[in-house]
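See the structures that follow.
In the two complexes that follow, subunit A is the common piece, with subunit B as its partner first and subunit C second.
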Partner chain A sequence: MTTLLSLRHVEKHFGHVRAVNGVSLDIRQNEFFALLGASGSGKTTLLRMLAGFEALSGGQILLNGKDISHVPPNHRPVNLMFQSYALFPHMSVAQNIAYGLEMEKLPRTEIRQRVDEILATIQLSALASRKPEQLSGGQRQRVALARALVKRPQLLLLDEPLGALDKKLRGEMQLELKRIQHQFGITFIIVTHDQEEALVMADRIAILQHGELLQCAPPREVYEHPANRFAAEFIGVMNVIPVARDGAKLTAAEGSLIRADIPDGMGGDLVAAVRPERLRLDAHACENRLSGRILATAYHGLDLQVHIETPAMPKPLICRVTADAAEARSFRTGDVLSLGWSRADTRIFAA
Partner chain B sequence: MQDRKTLILIAPAFAWLTAFMVVPCLLILALAFFRRGIYGGIDYEFTFENFGMVFDPLYARIFLKSAWIAGLAALIASVVGYAAAYAIASMPRHRQPALLFFAILPFWSNYLVRTYAWIVLLNREGLIVGIARALGFDGELPQMLYTEGAVVLGLVYNYLPFVILAAYAPLSRLNPEIAEASRDLGAGGWTTFRRVILPITLPGVATGFIFVFVLSIGNFVTPALLGGGQFQMIGNLVYAQFLTANDWPFGSALSMVLIAVMLVLLTLQTYANEHASTGRQSTERADG
Partner chain C sequence: MADRRTFRLMLLILGLVFAFLYIPISVLVGLSFNAGGMPTAWTGFSLKWYGALFANQDILRAAGNTLIVGLVSAAISTVLGTLLAIGVEIRRRKGSVLETLIFAPMVIPDIVLAIALLSFFSLLDVRLGLHTVIMAHVVFNLAYVCAVVRARLKSFDWSIVEASTDLGASTLTTLRRVVLPVLAPAIIAGGLLAFTLSVDEFIIAFFTAGAQRASITLPMQIYGMIRFGVTPEINVLATLVIGFSLVTLALSQRLNRGGLPGQ
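Right, the complex of A and B next:
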């Protein structure tokens, strides 16, 4: 696949703060790409630099091999869907969508045709003459998307596009966004702090921390092989067990042996990590084992999360038990429970 | 319970306005329908004559002149005030209160003093002429004081802060992402201003415009001091009817027509404000 966008050592400094610090990335044609990070990770700053609203302090942004680092926002073939949607309150839905085409000085008939077309795509034709304040949150979100898409940009940037929606609607829109991206064949870069959103939607995820790129990989890779402890804990839930190292032997605080592959060149204090869904109730059959007392259980419908207090960990060990297994046996607070997991599911990180 | 609380809270202001605003206005309204006495008193004899006189070309011309001057002052104040409000609203948030404070600072001194200050600046031996002479200009300078221009200048100067405050409110509330969205969709700075920022914030300017117009059209101090009696505005005419001509019924009729004009304008403005979109949207961002 061809590269659409290249970031080369992109820097943004605000005074002494390095909001974005030497980020290099290649984003491919037709890719659904997610910039994932916590508050202050620099992901929104990076997105605003791509849209042209923040000047670069260093580095380069190339679109189709052409340097666009200093091109103003109104001359970039890039559109941004704002977090607040930023719909024009004095214009109707149709006027909002037509605005960007009017700026291109297209003939009236073409503008009307393209607006009608996109309104049909987002199923809002009936609301074309409404003002934004007369729309629901989900409808506004779709208008904002249509207003950006109708320009047929080479690259669409989306700043927390689903942040303002309720959970159920968000789930629907995740799939809807994927469908639209596929239908239009436009590269999407989405900024989100919601790791689940990134996992569901993106072809690749870039994890940012303190303005630096931590890891850039497909969702499965990011989930199964996080680059470091931060990424491991940021994506999904991760049980982190401090271990003492003696050569190739790892021991948890209460003495149980942890069998795992230690990456080359890893020194200092280490932790072993395992996902809650990899923990099994038939502990005796597993290479690694921990036991403790049940602290609490949380029912999620699909599964039951059991929190176990163990001397091996400062925080409770979290285990996901499927609904079937949870029905087969009872988990009472205070009961002792043994859990096991395999060597292959164990990851080792610097503490 | 809630109704009673509301009633108690509103009663003093309501009573005050009724006693000292509504009742006097009704008295003036009543006066307007009586005849002027031969020696300046009032003959309690019902007539529409006073209102007929208001529309006499002589007085109608004064009305139009006043509206022209007030309109000009309101227009200039709106343009200048909007520009200032725009500049203040684009400054960093923490600096804005101080700048607004400076904008309304003239209000802290007396209206008369402020108007007299313009006489000092504008008169034939005034500061402006002095500076022009010091800079080597020795030609004939146009008369500045006691002109229509001086009156407009005085009105603009005195009422400018109203426009700044009225225009600042919607400008500061405007979500900055809305202007960015316009840029992102391909609009330049000027187009963004003309098609997005101005239409959204116009209700604020309209409020300021009406304010200045209403305050200016009834003003009698500024035309008297800076116009130097060269021409009369409606306020001066009312003033004269009550204090020199001793024609209270005619003065009352003039006042009533003036009040009616103002009420119509204020109602229109309230209506326009209620039906305007404010451009308020969430401005919070989840990430820095």
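Right, the complex of A and C next:
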């Protein structure tokens, strides 16, 4: 696969705030790439630098091998879908979408044809003559997407595109975005602070923390092998168990042995981590075991989340079991429960 | 029952307020049709004073001058005031404020501004005339237009400017196709305000018009006439001005309603 976009040691400083701090990344043609990070981690800033709205404090941005760091936004083959949608309030849906094509001085007939085409794709043909204020949030969002897509940019940037939508519509739009990305063959970079959204949609995920790139990998890799404790706890739910190390031997606070592969060169205080869905009720068959009292159970429809108080951990251990499993029906607060998991599902991080 | 009584009371108060506002004006309008021409006695309906007015060359010239001053100064100050408002807002967003400086002409007493302008013109040795009145009116109109447009800019969504740039538009195209249309209702309102302010402005015009009769504006003309008492012609003139104002008002409201959805 060919590289479309390269970031080389990209920096952005606002006064003494380092909003983006030495980020280097390669993004491939046709990739669906997600930028993930906590609030204030520099996602929007990075996106705005790619669109050309923020000057770089250092580093380079290459598109197809050419340095575009100093190309103004209206001359970049890159489009941004704004977090607030930024639709033109005085123009109809069709006029909003046609605007970018008019800027390219395309013939009228072609503009009309392309606008009609994209309106059909986003299923808004019937609303072409409405003003943005007469649309629902989801419809506005689709118009904003269409307005950016219709220009057929090489790269489409989306800043929290689904932020304003309710959960159900979000799910639908996630699939819709993927479908459209596939259909148009455009590289997408999407910013989100919803880790689930990133896992569902992206080919690769980059995690930012304090303006620095923490990890960049496919969703499964990010979920299964987080780069450090922050990434582990940021993506999904993670049980973190403080452990004491004696050579290759790890013990939890209440004395039970934790078997795990310790990465090379890891020193200082360590924690063992395991995902809630990797915990099993048949503890005797597992290499690692912990037991505790049930604090609470939360029914999520498909599965049941059990919070367990154990002397090995400062926070409750969270375990996910299928809700209609025979044992799950009989759980009662205060019951003592023994849980196990395998060595292969155990990750070790610096505390 | 009590509610009903309060409601009636409120209606009464409303009626009194309107009476207070409009009785003097209706008296004036009525008198303009008074055949005898004396404010003390009604002697029958007549249009003869209207005829007299339109035969009065001085008044017609003054009205013409006022229209010229109003239109030209409103046009100039609308263009400059709008650009000024946009520029100031952009600077403000970048953190530097020079607002107080712009709105000074609104709070400085007219008489002070008038003297200042007169001294300025004579210092530069500018011949006084209609053109100096126009320039002087632009000075204070600018502040009003700027204030009206700035009020609209407070709720302006700047991300649409970036969106326009992102879609390939140059700064000028963005101004023409996005910023100005969205601000249009405020710009029109500012222009109309400037026009009406200019039409009834007396002090500054009086100081900056010079001595020739050719540059007398309507308020100056009326002032000159009224020194010899309220003539029926003045009633007629005032009635026409009221009619003109009402039409302008209706027009501006129509424009704002039928205008663009800019809130």
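FYI, the second predicted complex is superposed on the first by the 347 of 351 C-alpha atoms of A that agree within 3 Å, B and C clash if a C-alpha of one lies under 4 Å from a C-alpha of the other, contacts with A are read in each partner's own complex, and residues count from 1 in each chain.
Going forward, a residue touches a chain if its C-beta (ideal position, glycine included) is under 8 Å from a C-beta of that chain, and two chains touch if they have at least 3 such contacts.
No experiment lies behind these values; they were computed from the predicted model shown.
In this overlay on subunit A, subunit B clashes with subunit C. After overlaying the two complexes on the shared chain, residue contacts for A:Phe53 are found with subunit B and with subunit C alike. Of the two partner chains placed around the shared chain by superposition, subunit B and subunit C are both touched by A:His90. Look at A:Arg147: by the touch rule set out above, it reaches both subunit B and subunit C.
In the superposition on chain A, A:Met103 makes contact with both subunit B and subunit C.
Using the contact criterion defined above for the overlaid structures, shared-chain residue A:Lys131 touches subunit B and also reaches subunit C. By the touch criterion stated above, A:Pro73 is placed in contact with subunit B and with subunit C alike. Ranking subunit B and subunit C by residues of subunit A touched puts B first.
Looking at the shared chain after the overlay, A:His193 reaches subunit B, while subunit C stays out of its contact range. Once both structures are placed on chain A, subunit A residues 51-53, 72-75, 79-80, 82, 84, 86-90, 99-100, 103-104, 131, 133, 147-148, 151 are touched by subunit B and, in the other complex, by subunit C. Residues 51-53, 72-75, 79-80, 82, 84, 86-90, 99-100, 103-104, 131, 133, 147-148, 151 of subunit A touch subunit C in their complex.
Here subunit A touches subunit B in the complex through residues 19, 37, 39-45, 51-53, 72-75, 79-80, 82-90, 99-100, 103-104, 131-133, 147-148, 151, 160, 163-164, 191, 193, going by the rule given at the top. For subunit B in complex with subunit A, the residues that touch the partner chain are 175, 177-178, 180-188, 191, 195-196, 199-200, 276-288. Remark: subunit C residues 157, 159-160, 162-170, 173, 177-178, 181-182, 184, 260-262 touch subunit A in the complex.
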